[in-house]
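Chain IDs A, B, C and D follow the sequence of writing; residue 1 opens each chain.
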Amino acid sequence: MPDKFADLRHGLAVANRILAHEGVIDAFGHVSVRHPDDPGRYFLSRSRSPELVEPGDILEFDLDSQPVAPPIVQLYAERVIHGEIYKARPDVVAVCHHHAAAVMPFCISGDPIVPVFHLGAAMGALAPFWDSREEFGDTNLLVVKPAEGASLARALGRHSIVLMRRHGATVVGLSLRELVFRAIYSCDNARYLSEAKRLGNFSPLTPGEIEMAQAIYQLPNAQSRAWEYWETRLAKRGGMPARLTEVAAAPHLSVPRLRGRVREGAARPAKTAAKKIAARKPVRPKGGKRK
Amino acid sequence: MPDKFADLRHGLAVANRILAHEGVIDAFGHVSVRHPDDPGRYFLSRSRSPELVEPGDILEFDLDSQPVAPPIVQLYAERVIHGEIYKARPDVVAVCHHHAAAVMPFCISGDPIVPVFHLGAAMGALAPFWDSREEFGDTNLLVVKPAEGASLARALGRHSIVLMRRHGATVVGLSLRELVFRAIYSCDNARYLSEAKRLGNFSPLTPGEIEMAQAIYQLPNAQSRAWEYWETRLAKRGGMPARLTEVAAAPHLSVPRLRGRVREGAARPAKTAAKKIAARKPVRPKGGKRK
Amino acid sequence: MPDKFADLRHGLAVANRILAHEGVIDAFGHVSVRHPDDPGRYFLSRSRSPELVEPGDILEFDLDSQPVAPPIVQLYAERVIHGEIYKARPDVVAVCHHHAAAVMPFCISGDPIVPVFHLGAAMGALAPFWDSREEFGDTNLLVVKPAEGASLARALGRHSIVLMRRHGATVVGLSLRELVFRAIYSCDNARYLSEAKRLGNFSPLTPGEIEMAQAIYQLPNAQSRAWEYWETRLAKRGGMPARLTEVAAAPHLSVPRLRGRVREGAARPAKTAAKKIAARKPVRPKGGKRK
Amino acid sequence: MPDKFADLRHGLAVANRILAHEGVIDAFGHVSVRHPDDPGRYFLSRSRSPELVEPGDILEFDLDSQPVAPPIVQLYAERVIHGEIYKARPDVVAVCHHHAAAVMPFCISGDPIVPVFHLGAAMGALAPFWDSREEFGDTNLLVVKPAEGASLARALGRHSIVLMRRHGATVVGLSLRELVFRAIYSCDNARYLSEAKRLGNFSPLTPGEIEMAQAIYQLPNAQSRAWEYWETRLAKRGGMPARLTEVAAAPHLSVPRLRGRVREGAARPAKTAAKKIAARKPVRPKGGKRK
């Protein structure tokens, strides 16, 4: 089964796992990338913790965040975050929504995050603060309705990261690698800022410094160097996803394990698994509160 | 030896190990689940660090926390925490007592823990604070007498988590998975709250937000997703317990290693081990101060 | 070569490695145990990071901290800490000197450490603070002269742990397991205290609580349970020392690697190594500033 | 291909990896050593994350930071830090530039770092603070021009570590081992200082203590002990670099992986790789902003 997007799916799975391995995302959070040929579509995993995402989990969505093919798996409830941002920001190629420990205290206290070191400039000069309560009143804080996603996208505006009150953050990039770089170094920036505030006085980078330092991570060399580092660390811990071609004969590997039990023995024969998939009732997304 | 409760024992061992692996429990702490067919009984490991619990360590207790079969092993001294809560709260299906680093500063300072982010709502609106000294004066702070357990259960009331002064916390769930979810995310919540307080102002979720956000983790999809994540992380580190059926021929695996020495060679033949078990004098619990 | 103390040497090596693995000691620090038959002697490793100590590294010293057999290896410069405490405290069976990250801020600020949770009571009611400058003026802060060790032992008095100004802490125990338990939980206590102080008010355990809670870790069950936990964690990470009998044919394994290079290939034949040992000039300790 | 500097290259690769493994450097940062026979030259890796540096990545530079042989690989943009310090400080044998989490809050707040415990004295009495803005105005904060490197070297003066405003730190040593020791323990010192400041009062070591305690890490025994510890920890995690002789038949191992993809299969035959190297256009450094 030749897949035109095999490399893209693999790269997106790697990005998911790098962000989990470097402490940006945990059980929840998600990462997407825009379709390279069709700006009206994007790729995102089925509902699964980013650390576990396999290339075979990656599905295609339109900008209304509806899956292009009828899904047989659960979908992220918050995928409108991705679709609405891709609509509002034609320049954006990749999106990550996370609840990193580094940013949560800022999301809770409302304290602003500003860039305080050269690599922290990757976040840009400013992280807008979005409070869902202003427009939508009390909610469960998840972003599941298109209107909520659109509101978040408006708050993001032309910036690169938006903080979400008592919820987390959403980061965008002009490429998948830029996104990963920005997500990781904006977390480092938040950690250092939090410590520096307690030590004493501090002031952010100047506008001139921000502009010039922002260009650092856009140098191909800086991005390659950092990506090689994160990818090697992930690989050393046995965390790299399998290539889709390697599991072509075992499609059940991408089937959700609804029992939540880690298979300890040999994988079941593909035929049995395929039968089970066929027998499973398709789940059609209705914009509900699944997450 | 077919065991009707083999899956339950395995699941409880996995829950013990997940909570250890995610930093909720260390050498001490314990996790139980109510008997699925008999609400007057519950399952709990023999006295052993949760990270090491095997399915074969799981014993059955009545609600007075007496073992149903005469034990040949040491028991947790604090098991009345479980029995008294199961008595007072017929809705509760699982209980965890822990001393997580995330909550200890709150247990020591008396500062309240309140939900400050969407997943933190899993703790509910409020964590009552129980001070054993009010009713029992100076003790060793352990909860070993039925009256102490009953007092703690009263303090818990209809809530989901109770803080224990200079000791730790006890968390309950309507299922084992809900318990694990709540225990982990209430620790994250405490960490973020502690940091947010130092950054500046903060306020908890509104009552409406708490109610709606509490429903998130009760969605089967959210629980499956998180459970798959925690279980896979545990499995990757080689932390999954063996299936009981796999050790059926080696019952000595569940015998306490009183010498405290890790067996480095091959396991001794089951026959020898079985003889040793037979020769060992049963230890009958008397509600003493063993922990 | 039958060794009457093979178990003791192995146990002491395990205690060294547990304390390193649990974050109490790093490159520096050391752990000793008194001779079981001769109270005028004690066992301590040659100068080596505790995480690397092998049973074959353990040497015998008199209470003046002179090695019983002429050593061919480097010795800890600070071994007088051990000898002088064993002289002053006939009840003490094991001693650990460390610079744990958890206690250093207290050693630097002079802020007192008091027990604030049940397991923290293992440290006792009070940790005296020893300032070498009061008696000895400016030094390099190491405790290398017998008079310095004796002064530290006087400061320790009847207590279980003594803080050393801008240096670290020294902990004692009535057994090796008690020592390990106390060293680990007094570090946890310091961490929680530090956090609780920042959250708000706090008060230590009452004298009655301390006395009763101190008895917890002296229960054989509590110690076995914790020891099994720490040892299993160490073993899972491949950290257990080899049994001396297993390396009897390879005595060079305990020879210091003065080149500081990890042997990646097969060990050299014992004969060659033995010749090298024979050819090496013995180093006789003179109480100098080696550490 | 006999290499007179095989041991030096391997040692420098190990130093790079130890500093990464102990948390001093991450994706960025670099470590160099002066040429043992020619004080007008130094060795430094090609542009690559220190954790990944192989002996074959180490190149030779003159003190103007120009590579001695035309490079076919990317170079660190900030290598002038090394060259200018080697020019200004004939005593210096090794240099490390890093952005360790432990020092960043001080680099951001401008709070001074002073030695507060015996091993912390390795940093010396004082860490000067260099603010690139004073001489160069707004920049991207990287040190890429010779004039910037020379300014930093002037700020360093006769000291052992210089803090760089909103950027990081640069540490020097009279040997590679001294450098590693100083870099690691000055980070520990910063962490303890930060915590101690929040607990309450603190004061640095006295000048006499600093002078005497500084001599500790210069004792061969202390350095060997610490180096053996760090190297063994690295080796246990599978982090040691291969010996160059072992990869002599596979020169492509030192070729930059511009695709940033971890090779999962077998290495390609050396012949093919060699052809690719030959076909690649040499990149001549021009002092640009590559990092």
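In the analysis below, a residue touches a chain if its C-beta (ideal position, glycine included) is under 8 Å from a C-beta of that chain, and two chains touch if they have at least 3 such contacts.
Everything quoted here is computed from the prediction, not taken from an experiment.
Engineer: Copies chain B and chain C touch; is their interface built from the same residue numbers (over half shared) or different ones?
Structural biologist: On the two sides of the chain C and chain B interface, the residue numbers are mostly different, under half being shared.
Engineer: For the identical-sequence pair chain C and chain D, what's the CA-based rotation angle in degrees, nearest 5?
Structural biologist: Copies differ by a rotation of 90 degrees.
Engineer: From the C-alpha centre of chain B to that of chain C, how far is it in Å?
Structural biologist: A distance of 33 Å separates the two centres.
Engineer: If you average the CA atoms of chain A and of chain C, how many Å lie between those two points?
Structural biologist: Chain centres of chain A and chain C, defined by C-alpha means, are spaced 46 Å apart.
Engineer: Any idea how many Å lie between the Cα centroids of chain B and chain D?
Structural biologist: 46
Engineer: What are the residues of chain B that contact at least two other chains?
Structural biologist: 197-198
Engineer: Can you tell me which positions in chain A touch chain B when the two form their complex?
Structural biologist: For this pair, the touching residues of chain A are 26-28, 47-49, 51-52, 74, 77, 99, 101, 104-111, 133, 137-142, 166-168, 194, 197-198, 238, 256-258, 260-262, 264, 289-291.
Engineer: Would you tell me which residues of chain A are touching chain D in their complex?
Structural biologist: So the residues of chain A in touch with chain D come to 116-119, 177, 188, 191-193, 195-202, 205-206, 208-209, 212-213, 215-216, 219, 221-222, 224-233, 235-236, 240, 243.
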